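In the part that follows, the structures are each spelled out as structure tokens.
Two complexes, one shared chain (chain A), two partners (chain B, chain C).
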Partner chain A sequence: MLEMTLNGLEIQVEPGTTLLEAANFYGIEIPTLCYDAGLSPIGACRLCLVEIGSPDRSRLVSACTFPAQKGLEIRTHSKRVINARKLLIEMYLATCPSSKTIQDLASKHHVTRVRFKQKHDDCILCGLCVRICEEQMQAKAIEFIGRGHELRISTFFDKKSEDCRHCGACMYICPVCQARCQGPQEKDAVCNACLNLEPPCLEEFEDAMCYMDPCVACEQGHEPRKGCSQRKEGS
Partner chain B sequence: MPSLQSRINTAADLFRLQETLQQRASSNNRYIAVCGDTGCSAWGSKSVKDVFRDCLEQKGLAGQVGMKFTGCLGLCESGPVVIICPEQIFYQKVQEEDVEEIIDKTVTRGEIIPRLLYQDVLSGETYTYMNEIPFYQKQKRLLMGNNLKIDPNSIEDYLALGGYSATARALTEMTPLEIIDEVKFSKLRGRGGAGFSAGDKWKECYDAVSDRKYIICNADEGDPGAFMDRSLLEGNPHSVLEGLIIGGFAVGAREGMIYVRAEYPTAVVKIKHALHQAEELGLLGENIFGSGFDFQVSISIGAGAFVSGETSALIASIEGRAGEPRQKPPRLAQRGLWGRPTVVNNVESLANIPVILREGEEYRRTGTDKSRGTKIFSLVGKVVNTGLVEVPLGITIREIIEDIGGGIKGGRSFKAVQTGGPSGGCLPEHLLDTPTDFEELNAVGSMMGSGGMIVMDDETCMVDVARYFLRFLQDESCGKCFSCREGINRLLEIIDDIVHGLGTPGHIDLLRELSVVVKDSTLCGLGQTSANPVLSTLQYFEEEYRAHIKDKKCPAGVCKALIHFSIDLEKCTGCGVCKKKCPEEAISGEKKEIHEIDPERCSKCGICLDTCTFDAVLKC
Partner chain C sequence: MRQLQEQKASKEQNNNNASNNHSLVTMLHQIQETYNYLPENVLRELAKEKNIPLVDLYRVATFYSLFSLTPKGKHKILTCTGTACHVRGSEKVTEEISRVLGIQPGETTEDGEYSLEAVNCLGACALAPLVVVDEQYHANMTPAQIGALFNGVRKSTCQDKESSHCHCSSVAVGSKEKS
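Now for the complex of A and B:
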């Protein structure tokens, strides 16, 4: 067993455990977008950053790929970590606002503004689809293509894949196309509704109106409130 | 007496052969060295060399006067460089038509041709001999000095200078641990940029237990403005090969590999040739020097990704995967190429090894306490003498730029120097006295990097410089980490806004905040340093950013959206030259009447400014 310090707590883990697994085991929640317990970790989304080392010589590493080491000092929620995570989430919102997963992360981390230009890239290149296709479905029908800002996911040579069995695993695991969020409009990246304990409806109503689906307030024909997730199609 | 064809079986064989070759070289020491490195080749040195050869043959001098088409001789600015040895008479900018005169006057009669001599721009003084030239005086050319005496295609030249003695000593007289200790004692630090102790790196790999280990020479040099590794491989490939063999012996690797970028075809040809020669002589292969040590070297050619210079990405690339860095630990000494312990050394680090084993004393006296030896910098940009300079570590940047580089070109004033490639930083005038030392450079927000040194004058816009490097990194990031891929995109987006006059006051803080996060949260060295161009220009040139944002002005007159051309009503004579030259037909006006620029049509190319002889075109 390896002894480490996790947020000041003395812990013991098996060799070969990653820092993310260790933290999860001890009940500490670390946000991720590209991690799945059944797939090999690649450390692409960088949200699972944790701070390691003594405070004067520390650095941030991705918890999903970093192996447990004897005597390691880990801080999962230090100011440095949270600042980095929040800015990353802000960038995610600016890149892909239609993902409910990302909107929920923003809500949880109290990210309430986006200072970057709004894009609607959809794909965040987390690579979950590539890995589930290869590792679980044994198909290897899709892959990362290109490099840097031209990186994208596609079939080989962009041709219709003969290896694809149309199993839909890639769509199932995608944090962006799964549960597409109807919340924010083009100009407005932050929705901040679903996981927000202060419902945006309060601006207009005495009580929260958003427990129902579809949202009563929107159904009644009121102007949808800023940040309300339950907007009507085309409104 | 061993002939060159026969195999060298023992160290004694080598020394005998070296002696023979030395005698041959000293009995016939009159030769003409023509620089054949890329800079001089671009100036036409290849045809100059051919004309020399033909001319010597015609005049029946071919037997008495030798020819060497050498590696880089340093002063790339003055190419093609020709040096008449043994006197080392230095001729610059030699053209084909000068060849006959050189042979007739200098080679045959010893007369100097003044018009071909190097002239110092500032003092106007001319210099006859190579060693007198100020460019060379402050240098200490431990690695590059032999380039003058070596034809890169000739292992004989290298052996005549005592080549492979260090290998013989290492393999027959020393144990791996003794070699590692000697390298540690020399305090050689990785020349690829990180500055990690080479001895410690070797020790780690030596300690790893495995039946198979690898040593890799990293020749994936890709920084804009850096070309020292290429010049070493092209100019003195055997010195790198020697370092690789010694390293292999020290860490216990029987296989070496040179990972060279595909953009260096000449280097690939030269190394292949060198490998072939070394194999023929038994300096590579089985039982080298009868020591029982077997060593093979192969060449692996990159696929054009800058990030493959990062060691774990390099290994992924050799294994046939996409060049993407991976999480370390496990470190390469634990799990490297094909899962085996691997050590990766930069070209220049390896070229240092034979020097350390041969002239350890001298080596340890060079440099600073923490960083010993010399470092090759590629001095480029707005400096008088561009080229490769090799200096003892610890010399100040000012000495390199002013004494060796000869100051700023065209009488303009110095603004900044960018060191360390795209990941480095820009240093302003008041930091020019910073010594070239790993720690000192890091402390002022730049880095040693692989040794690129780009000098900029007052006509350079620092925001535009940051933009240039970000663009480079945007293309070259592997794209795996969101923080690097999207972080660079967003940094660039903001800077693009700033140079187009769309900057807002919040942008500077946002740039800083984002830069810190990109630096903190990315996996590999490329990503972690990708915000450095922004951070260091912000640190030292914030007022320039402010001028772009607040006053919508580019002080250096570079950012096109923020400059305007107009015509000085008092100076314009109506000659019509600018009107004729303007590619956009944006200038109107009758002959002998004052002209006018239509801002709508003007593409701000600046041709009118360059062509006007009356200084009547204004840029503001």
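Now for the complex of A and C:
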């Protein structure tokens, strides 16, 4: 067993565990976008940054790829880490504002503005789809193509892949594919109010009727969504 | 006819690969040497032969700028745009080559004879500005010298218009070397 200090707490972990696994085991939540317990970590999204080392000589490392070491000092929620994390979330918001996962992250970490030029990409290059296709589905139909700012995810010669079995795992695991609900807000606005709110349908129906997970802050004070009333008529 | 040649060449290629267990990049290099680019059907055959996922080949081929997925010209012209070459006026040299050949860096002439590449550094900064024609290094180039280098090329191209096999550039390169 390796002895480490996690946020001032003396902990013991098995050799070979990563800092992220250790923190999760001790109940400390670290946000991630490119991590999945069933896939090999690649440290692409950098959201799991933690500070290691003594305060005067500390550095930020990605917790999902950094292996536990004896006597390591880890701070998961220091000022430096939180600032770095908020900046990252802000940049992700600027890249993919249509993602529910990223909007939720922004709300959770109190990122209330975007200072960067707004883009509307549909990929954050986390590599989850590439890894699930190769490691879990054994298909290897998609890969990172190109390099640098031209990096993208595609199939062989951008053609319909013969290796793809249409299992849909890549879409299932994608953190950006799940779109946020498009309420009365602007497309590029920071939603920021998803947490701690009940679905508006609950007042009218016994169960939540929205086809989306409750991300309904934008519906508050507005008439119920069309889909809800249609379903009511049908039932 | 050309297809047959290609097929034959690809078979030879595959036989070579089967005997030597080269790394992926080396295999792609060999294909590029044979065809001047990486044809899709050859990559497919290679993947089948070596049991490599197709996308892996595409990933590596797109990662390195040295590999081309579209046909390149018979003669490769590289101009260095590294710091030392840039300071000594490689920009003007590249412009001049572009003007003479009528193509921009990264393009190939319509007749498929020349392709021009602007590369970042050729590692011979003492020879700046540097132009490489078919792996022959031409040091201390100036726009004026480019004119002399390609003058012969254009003339012989005009003369050889009738014949499909044009070796004019090798003549031009040779004459440059002698001078």
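Here, the second predicted complex is superposed on the first by the 185 of 235 C-alpha atoms of A that agree within 3 Å, B and C clash if a C-alpha of one lies under 4 Å from a C-alpha of the other, contacts with A are read in each partner's own complex, and residues count from 1 in each chain.
To be clear about the criterion, a residue touches a chain if its C-beta (ideal position, glycine included) is under 8 Å from a C-beta of that chain, and two chains touch if they have at least 3 such contacts.
All of these numbers come straight from a predicted model, not from anything done at the bench.
When the two structures are aligned on the shared chain, A:115 is found in touch with chain B, with no touch to chain C. Of the two partner chains placed by superposition, only chain B is touched by A:124; chain C is not. In the superposition on chain A, contact of A:141 is made with chain C only, not with chain B. Residue contacts after overlaying the shared chain place A:163 against chain C, while chain B stays out of touching range.
The larger set of touched chain A residues comes from B, when the choice is between chain B and chain C. In the superposition on chain A, contact is made by A:155 with chain C only, not with chain B. By the touch criterion stated above, A:69 is placed in contact with chain B alone, chain C being left untouched.
Touch criterion not met for A:35: it reaches neither chain B nor chain C.
The contact surfaces that chain B and chain C form on chain A in the two complexes overlap at residues 144, 146-147. On the side of chain A, the complex with chain C involves touching residues 140-147, 154-157, 161-163.
Of all residues in chain B, those touching chain A in their complex are 305, 307, 322, 326-327, 329-330, 474-483, 485-490, 493, 506, 510, 513-514, 517, 520-523.
Here chain C touches chain A in the complex through residues 40, 43, 53-59, 62-63, 69, going by the rule given at the top.
Residue ranges on chain A touching chain B, taken from their complex, read 42-46, 49, 59-62, 65-67, 69, 80, 83-84, 87-88, 91-92, 94-95, 115-117, 124-127, 144, 146-151.
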